[in-house]
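Shared between the two complexes below is chain A, which has chain B as its partner in the first and chain C in the second.
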Partner chain A sequence: MLLIVILLTFLLLESASGDAVDAYLLSIGGGDATVAQSLRQAYGLDQSVFARLWLYVSSLARFDLGWSVAFDRPVLDLIFERLPNTLLLMGSATALSFGLGSALGIVAGARPESAGDRVLSTVSLILYAIPSFWLGLVLSIVFAVQLRWLPTSGIETIASGKTGLTRAADIASHLVLPVGALALIYTALFLRVMRAGMADVWALDFVLFARSKGLSRSRIVLRHVARNALLPLVTMLGLQSAAMLGGSVVIESIFAVPGFGRLAQEAVSGRDAPLLMGIILVSAVLVICINLVIDLLYAALDPRVGASEPAA
Partner chain B sequence: MRRIRNLMKTPEGMAGFGILATLILVALFAPVLSPGDPLRIAGDPLLAPFVDPAFPLGTDRLGRDVLAGIIHGTRTSLAVGIAAAIAAIAIGLCVGLAAGFAGGLVEEALMRVIDAFQIVPSFLLALAFVSVIGASVPVVVLAIALGAWADPARLTRAQVLSIRERDYVAAARVIGMHPVEIAWKEILPNALPPVLALSAIIVAAAILTEAALSFLGLGDPNIVTWGSMIAEGRNVLRSSPSLSIFPGIALVVTVIGVYLLSEGFGKTLAGSEA
Partner chain C sequence: MTIANLSRRTFLQAGAGLLASTALPTLARAQDAPSGGRLIVAADSEPKNLNPAIVASNGVFFIASKVIEPLAEASFEGKDGLSPRLATSWEGSADGKSVTFRLREGVKWHDGKPFTSADVAYSALNIWKPLQNLGRLVFANLEAVDTPDAATAVFRFSKPTPFQLIRNALPVVSSVVPKHLYEGTDIATNPANVKLVGTGPFKFTEYKPGEYYRLTRNADYWNKGEPKLDEVIFRVLPDRAGAGAALEAEEIQLAAFSAIPLTDLARISKVPDIKVISKGYEALTYQLVLEINHRRKELADLKVRQAIAHAIDKKFVVDTIFLGYAAASTGPVPKNAPEFYDASVPAYDFDVAKANALLDEAGYPKGADGNRFSLKLRPAPYFNETKQFGAYLRQALAAIGIDAQLVNADSAAHQKAVYTDHDFDLAVAPPVFRGDPAISTTILVKSGTPAGVPFSNQGGYENKELDDIIAKAAETVDTKARTDLYKQFQKLVAADLPLINVAEWGFITVARDSVLNVSNNPRWAVSSWADTALQS
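Coming up: the complex of A and B.
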């Protein structure tokens, strides 16, 4: 599977007109043909497609993602330098949207078709239709430009010399807007999935049974309905992880967060094929890892999955 | 026709249909509503909205009419969104049909390719694709379709797998129909409805992806799009935020229209099954 990703991205980048040497020469204001030739030789760009593909795959096997042309540094170093910021952004956005979305979903799904449910469903539909980059801009107009409550961009105040908790608070205040912009849309999504799931569970027999036992409504809602409706939500979490990673590209470029997504944009503008390939590969690996964790989580939540093992 | 009439009975369907019909009319009659090139300089730069009746939504940094941009941007958004969705569904149907019908090694190989496309963030893929090939409308359409075809392909295969075992397919085989003919005439029409139900979501996602791409400067520079208008307004965000806000509202309204329509469809489908 990963091999296919490697092959496809390699072929895609191979079909590009103009390579990194062209981009580099352009940025230094041109150069003669011999310089270009020696540069191509140094980066191995003068060899055939298959030779380079083989070279790439064999170096990948040694966890070597190659050399970034635009930054003149190893691709892996660059990615690992930027990844924590993005993981922080994505992690907080996921936690926020999952928590808020499922809580509101429980409120909406507790009484399907009630007034509260209708209001929440409508609001979530509108939120879900908002492009995250536009939401990010509007949020920064309101909270950073007009109200001046929060910083507009960056991940922390540059050269502030803050350490420990004050530094953490500084980073947190920089993250509020990007996380909010990324999370609101997913909150709406999770709300909708949770609500739909709960509406389905209400019709099942065990809910009727719980009601006939005389359990209180809140107990039925929380322990019987919501718990079962949570499962599709967890599935959705895994499915959306790839989309969220893509969404963070735009969000990071708006709020100038030095993360993974911004790196992708820089790779695009620098025509840095090794970097772009490395980014696509690492993001694919990331998505696989997230889904693995989700699968394990799923088995823990739903005893029917992996039932052959003795229940813990 | 009956489907559409049922659709109009649901409030969601009616609202969605109304919004989209209006937008399609605006897109079709854009040259009539606002004649001339929307990218031409029409007046003084940075006119505030709701001041000059000639420019109801004001002008941007170069003095281009914002309203004209939004009207013409409707064309791009709808055209790209719908074209990308059609392309994605067409690819997905073909691959899913081939995988489900061929079985064996072919199926295994095709499914791995689908897996590969699903684990790569589609926006990153589109970003890489457009930046490599160069920004023009067909490339953007293809780039979006490339990230969106995996879901319909998976769904089609699942449909084909269940339909393949039905009696009428066995009957078609018995009377000696060619496998390709069976796939085309017997299986495809029956596998189609659930895949088409997915189309609204794909259209909405495609519109949003197109806007995000052109926001990052990867749209066709010779065509006005809402995303590029938002990006252009971003340069003067502090002094005139309305430049970014109006095209964004147009975008939100369009996507809401698509979602409402798909909700309405979902309700009518659920209603006809019950």
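Coming up: the complex of A and C.
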């Protein structure tokens, strides 16, 4: 599986016109032919595609992610430097949008077609249609430039010498806007899915049965309807966490968060094959792990999913 | 001035003058004393090799010029447009085979070791000449550097090398690095390429990838009383809109190199306490150039090239694309290089009728669909303005019956398509004029450059007469004769149009009013900032 990912990435990047030397010479404003040739030699770009692919895969087998040509540093160092920022950003945004989205979804789905449902559905549709970069910029102009409540960008105050809790608070204040921008858009998505799921469940027989038992409405909404509608939402959570890795490129650039998405973008524009493959590999592993957790969650939510016990 | 002329405005001016004269002494004192403070600047890139002796590019200089100094810096007032830095004087021999530098005494490296002529000799012979992107050309014939004493360095050339070229190149090619840290190591991978050690007003203190560079005051700087600032921080802000927001929110105090897009300038200039400055880039003039592939039969015809030149409305380009922050070009040397600039070259007014007539004459009549022929047009993606000019040019060419197909690609792909594969008919490029035509301008038109060299003539243009002038100027030692050759060069390029020069521009600096001594030399953004101060 991962091998296919490696192969595809390698060939895709190979098919893009221009290589790491082209990108580098451009960034320094030019150089003569001898310089270009010696650089290609140093980067191993004078060898054939297959020789380079083989070299990469064989070093990967020894858990060596290689050397980034665009940054002139080991790929692993770069990834470990940037990954925590993105995980923090993505984790907070996912948690926030999932929590808020499902809560609002329950409110909307409790009484489908009611006035409250209409308002929430419309607002969520508008939010979902907003491009994340635009939302990011608007939030930044309103809250950072006009009101000056929050910093415009960065992950923490530069060279502030803060430690411990004050540093954590500082990072949190820097994260409010990027997390907000990311979460607002995905909140809409979770809300829509939750609401649609609940609307479907209302029509099922067991809800009628619960009603006829004389259960209170709030108990029916929470224990029976919402719980059953939660399953597609959890599926969505798994899919969405992968999408958020990519979606954070834009937000990371706008808010100057040194994260994974920005690193990927720099790797592509610098035609930095080892770095890009490192990033994609780590992302793939990350997505696999998240989905494993999601699968375990299923079992907790729906006893029928506990398929490990042999059917009688 | 008669009484009748005394208007309300005059009174106001007089009043303001009076106010200023009383306020001045305190202000002047504030500039004399070290102001201290931390200047935070927007940076949009993080060069992997920060050593300006190896990589002489603006992206590197922007940060490194505060730490590592050249022999001389560009200057508005100084003789020959230079002000002394690590060298105090320089003189070329009559035969063009040697240049003698007197070096500043009492200068120390940031690690405490003394700076001597040995450092200059080492940098020149081991780094500038063999490794540096521009030094490889300027110092191609450098044979030896004699060091009769610690404060004298004599450069010896195997062939006559114009002193004018060396002088003009000094600010860019002569960054001196410490011999004691580089000698006997692999220069390309030396850790000092990232953690810089220099003689400059600021020491390289900290680099957090993706976040910032921190430079701190060098208390032992050779020019007593400088630097004024305690710290300079380059904050990495990849998004241009983000840089604007950070400036407005006072998180940063300065954004250079047009980090704030031109379209935002009108708005941001209205923000109180923010100034928009177009000065300070005179020695870093960028040129908007239309590269032509002469392998195309139609484009090999001078009349077609003239028609294209007539079809471009330079005034529109300057006013609409550059919003006035540019000037129309007349030829391959910009007006900002008065030493060489010659205005008396063939000119091409915006004249669509004439352009159409020229194309008819050339034997390319309009077809039934109104088109004469199609061309592939590749605008370079490096600047908004090069992309916008590509879109404009497509329309301008349509007006004269040339159907231009726009092909957009990212930087690396554009680079390979144009400069290696020659897969273009027309390309929009932004080359830089670096103080002397021999550094990066003649290469745009002379023949014989192998494929794969960016910002060079890859359009297959060959003109023996032009090549001869360029070759002769390269070895003409006499300044006057050399300058005259470059005037001929300009005339010939403008007449034969190997490429079409459209406009030339410098960048824009946007700063808070509290930042003092901004843009006071022609390479300000990439100079040392030793006298830059913050008003408290």
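Everything that follows uses one rule, which is that the second predicted complex is superposed on the first by the 292 of 312 C-alpha atoms of A that agree within 3 Å, B and C clash if a C-alpha of one lies under 4 Å from a C-alpha of the other, contacts with A are read in each partner's own complex, and residues count from 1 in each chain.
Note that in this section contacts are C-beta pairs under 8 Å (C-beta built on N, C-alpha and C of every residue); 3 or more make two chains touch, one makes a residue touch a chain.
Here the structure is a predicted model, which is why all the values come from computation and not from measurement.
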{"item": "Partner chain in contact with A:L137 - chain B first, chain C second, else both or neither", "value": "both"}
{"item": "Partner chain in contact with A:S253 - chain B first, chain C second, else both or neither", "value": "both"}
{"item": "First, second, both or neither for A:Y298, with chain B first and chain C second", "value": "neither"}
{"item": "Contacts of A:V145 with chain B and chain C, given as first, second, both or neither", "value": "both"}
{"item": "Touched partner set for A:F98, first chain B, second chain C, both or neither", "value": "neither"}
{"item": "Touching partner for A:F71 - first (chain B), second (chain C), both, neither", "value": "second"}
{"item": "Chain B and chain C footprints on chain A, overlapping residues", "value": "16-17, 137, 140-141, 145, 253, 269, 271"}
{"item": "Chain C-touching residues of chain A, taken from the complex the two chains share", "value": "16-20, 22-23, 25-33, 35-36, 70-73, 78, 81-82, 137, 140-141, 144-145, 148, 151-155, 158-159, 253-256, 258-259, 262-263, 269-271"}
{"item": "Sites on chain C touched by chain A in the complex", "value": "40, 45, 47-49, 55-60, 133, 136-137, 206, 208-212, 214, 233, 235-239, 241-242, 245-246, 248-249, 251, 382, 409-417, 420-421, 432, 440, 449-456"}
{"item": "Complex interface listing, chain A residues touching chain B", "value": "1-2, 4-5, 8-9, 12-13, 15-17, 125-126, 128-134, 137-138, 140-141, 145, 242-243, 245-247, 249-250, 253, 264-265, 268-269, 271, 276, 279-280, 283-284, 287-288, 291"}
{"item": "Residue ranges of chain B touching chain A (in the complex, touch as defined)", "value": "112-113, 115-116, 118-125, 127-129, 131-134, 204, 208, 211-212, 215-216, 218, 230, 234, 237-238, 241, 244-245, 248, 251-252, 255-256, 259-260, 263"}
